[in-house]
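Here chain A shows up in two complexes: once beside chain B, once beside chain C.
Showing the complex of A and B:
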């Protein structure tokens, strides 16, 4: 299809082990555009199977700046309502390139399973040997098993296996934006992971006009975001306490960006070796990526010693916990003490309920729903004023040959 | 025209890989570019490989290395970027998209 989506979406029934390809019709794209909006339509259609819908925005995986975003939509065990969680980093684009722009995962597998999506193929793989293992080990094992370092995973640790509302779905090794306890839904479905790798191609209706407009937007965005490659200067939205910032600065290695995101706000900390070393480390686990700055700050605000927050964040991610949900339950200060508490929290703990449709992973923005429908990183969206519904509607019309107005980017 | 790279400015966003593929095929993919990202994710070791007519430019975190055809790289950097060996080399196009869409100035054009 020449509308930047794949030809098909996928409906997976974990109970029967069957996956059905369904054509993604142009009328459906015209009506629901994509991301959270199209996910919601698919959720309603398959509601009986308590589905998790993984979806992409219209611009996910394209040259529009910040086009990393995928969206996970399901009924939240925390809020009790439909909710949308961001899939940042690289899994959003990778999902689209598997050949399935949207994947509905419904019902429950009889045994632990992981779903392996690659090049328009969906494999159900026995995950019994992975059950009980932490997210870092499972990511290593699946990448090794399938022979590809660029496989992107959404997966759970012990907290998700135990169906806790304090759990979250992890992306590869790092926490993403799941504040809604979707990890518990993975656990309920006996779904350890969704692994993705694709060699797809996304076609555009008017390729030349799209490029011109995308470049115009790119230049305007880059003029508003500094091209930082190191440090927490871009992370002002997370309200990081001064003592945590001072400790983290001493551990800072390099900053990294999501797929095609000019805003490199994810800072890697090294606390098991000299952070100034740029050469390949002999240590396989030298540190952690602060992929969730607000969750990182929550640990320090809860009293965890600033210099221990990186190592604690690693343990949170390995266990598949939500740092914001468990922070208030911590009493220890030092890394060893907190990590011992985390092990217990991953066996049994409960998140405080709150009201939200979109994850508070990113700062609130009046264009949040635009980001979640278009497939643009919500953090970038909150930082720049040029990615408006009007601008994106014009670009969407160029890209698809359909006719979109700004209102299309409202739920 | 040639490309000059400063890998310490790289943020591993992959815009170069995406835009080079678009230049070649007018589709969004990561599969046909002459430049390919690599990442040792847990160790935060990342960079890119640029295929040229007579060899490979390795943009490593510690600096640039040029490995001519017939030579062996002294690093195992970029193991995940091995498919680059099967790709078309950079044709040194003018006004290159990889330069235009690089947000940090990591890739620039020089005469």
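Showing the complex of A and C:
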């Protein structure tokens, strides 16, 4: 595939330690476009290996607003069916830039392993020393080991190692949208982490026209959601209780956005130092990024003291738990008590089953599947109406030189 | 018709040469000039220049260049030019060739040419003080501006980048191009008025006869691949010359193919990729090696060039490689050195020693891969000492299997 994607995708067999590059053909992309749809095709092709498919959308990593989304596809141990979880923040774009727009991970490693993807290279690295460590420590260790602080990771904590359905795959230090227990799949495969870093470049067929169109879309997006709106004001769908919001406002340091996303809805809270201080201090872990506002709200609704919710969310992420799945199982209210409970829940707990194809991380919308195929943040997709299938089909044709219709962005 | 594309061009990449020689590689490749070879001081000293039509000394640091070349090497260069060779000096290569003050260093001194940026009392720098001055005898060479500016003559003008090259006070008959103006990308290291008075109206490029040969001495880097008109100017200069030299002797090359080639490329690619990751993550490291300041981004630049070359070589089923084991070790050394530099610098420990080794290792790896690249482009490589023309068609893509 010459444009918008990498030349190859990767099929990894954890059992044999082999990684095979397969050419990503234009016809394949024209039929399945990308994201959840193409992931599903790859899943079906490699089903015998109980695969986890990490994929990117057609627009992931480009100038299209909200083009941060990668997609994780697998058979969920929670729903029992094929499901798609979002990879947001920077990991979606980084995956594409490693040189592999899609990675199929099959079978099970004999020993704890992490996959290190970098510039069309797939290394299998012994993760035995990392097994048992929390996600924050592992992120720091792998970044130090491989020499770059911008390495993006998808990894599991103790909950995933214990193959719990209440686990989630964490992105660097923060929870993402895995409500499907994919952390358990990683644990089942002895896969501690997938680390990614790439200096890849993407080609665009008609670059000028693509840029013009992307800029036009950006202006339309910003007209609907002005940049001044940020943080918790953007996530009304999370239904954050008033007392939690009041407590969080006192701890708010800044709002952050995913790769190329005009919506800065992720709020960084500081509870170990004064949140008004902007300079870097010696305190390496002053707080937590509320990357999962629904999960954050769930803790408060379960009775955790509002001012403690940030610190509790940190512990949830460190252990690789899904906050929505464990919230109802909490009885303590204070940070220390809750964190002690979380340690036990990371040893043994089970998530309630539910029905969904896409993660309820973001509100369901009629354009959710468009978002997951195109590689656009579903939160943004739900907030603006300019990113329609017709608009994206036109943009896809410009970018690839191939013909796409709106129907292509449906499963 | 003059087949100037058969000119045998040797580029100096020995001690003191900075990464800018890679620009020559990229530009010559894009201009379909493939008789490109690489020499170090040992090659010059041992008399290899007679095998070439044109010898290029690129940017870098003339002090270690001269030290490494020694009197023998400097004399060899003089003999080469006086016997009909073309000397092309850029930036450091220009300073190395000229006598620009009374008590000049015992370098080439092929031409007496005053420069306007040498003074015992240089102007005050307003930025980049660490890159602004170089001590030379009783005075300083100072650099008034950096980045793009406008050069030209009464027929044409174009933009070209300057990174320390001299404004020459040259006689009219020797001038090819003058510094005409600055542009919106010009970075002033001194007051703009003083910079204008120092640079504009002086020669940016000159042509001087020396014996039966020619000196082309440039301040700006006309070989920079982002400046097409400057590249064309370089091309036009070379096109006026007729190839005379036989070319270098055939080096001993190993033919790699099949699984052996795949394994070799995989190994090098893995180490280069890992090195790129570390290099791109470095934060504003700087090393003073000799009189030259090396920034960490220069290492990234080397590695990016190596990376792109590896990717282009992946198309082939068979490759001629000089010392594949050595190159594989270079790649590993680069990775290890970068890891060490990262670790030491995080602890606040100096890394000049490692940086110097790293620069040498990246040069060797680049040279080895570019040699293979140009060998393929020339459509010849040497087997059993014979000049054996073989065609290398692009084969199937390599499938990289990574084993634990």
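Operating definition for what follows: the second predicted complex is superposed on the first by the 405 of 411 C-alpha atoms of A that agree within 3 Å, B and C clash if a C-alpha of one lies under 4 Å from a C-alpha of the other, contacts with A are read in each partner's own complex, and residues count from 1 in each chain.
In this text, contacts are C-beta pairs under 8 Å (C-beta built on N, C-alpha and C of every residue); 3 or more make two chains touch, one makes a residue touch a chain.
Treat the numbers as computed from the prediction; the structure is a model and nothing was measured.
Undergrad: Go through the superposed model and pick first if A:294 touches only chain B, second if only chain C, both, or neither.
TA: Once the two structures are laid over each other on A, A:294 reaches no partner at all.
Undergrad: Looking at the overlay, does A:23 come into contact with chain B only (first), chain C only (second), both, or neither?
TA: Touch status of A:23: second partner only.
Undergrad: Using the touch definition from the top, say if A:261 reaches chain B (first), chain C (second), both or neither.
TA: first
Undergrad: Could you look at A:199 and tell me whether it touches chain B, chain C, both or neither (first, second, both, neither)?
TA: In the superposition, A:199 touches chain B and chain C alike.
Undergrad: Give one of first, second, both or neither to describe whether A:120 is in contact with chain B, with chain C, with both, or with none.
TA: second
Undergrad: Name the contact category of A:149: first (chain B only), second (chain C only), both, or neither.
TA: After superposition on chain A, A:149 lies in contact with both partners, chain B and chain C.
Undergrad: Does the superposition put A:376 against chain B (first), chain C (second), both, or neither?
TA: Neither partner.
Undergrad: Overlap the chain B and chain C contact sets on chain A and report the shared residues.
TA: 148-150, 199.
Undergrad: Report the residues of chain A in contact with chain C in the complex, numbered from low to high.
TA: On the chain A side, the touching residues are 7, 17-21, 23, 113, 118-124, 146-151, 197, 199.
Undergrad: Chain A touches which residues of chain C in the complex?
TA: That would be residues 266, 269-270, 273-274, 276-278, 280-281, 304, 307, 338-339, 342, 397, 399-404 of chain C.
Undergrad: Given the complex with chain B, which residues does chain A contribute to the contact?
TA: Touching chain B: residues 4, 61-63, 65, 90, 97, 136, 140, 148-150, 172-173, 199-204, 207, 211, 215, 218, 222, 225, 227, 229, 253-262, 264, 268, 270, 278-281, 283-287, 289 of chain A.
Undergrad: Please name which positions on chain B make contact with chain A in the complex.
TA: 8-15, 18-19, 22, 25-31, 38-46, 61-62, 75-77, 79-80, 97, 100-101, 103-105
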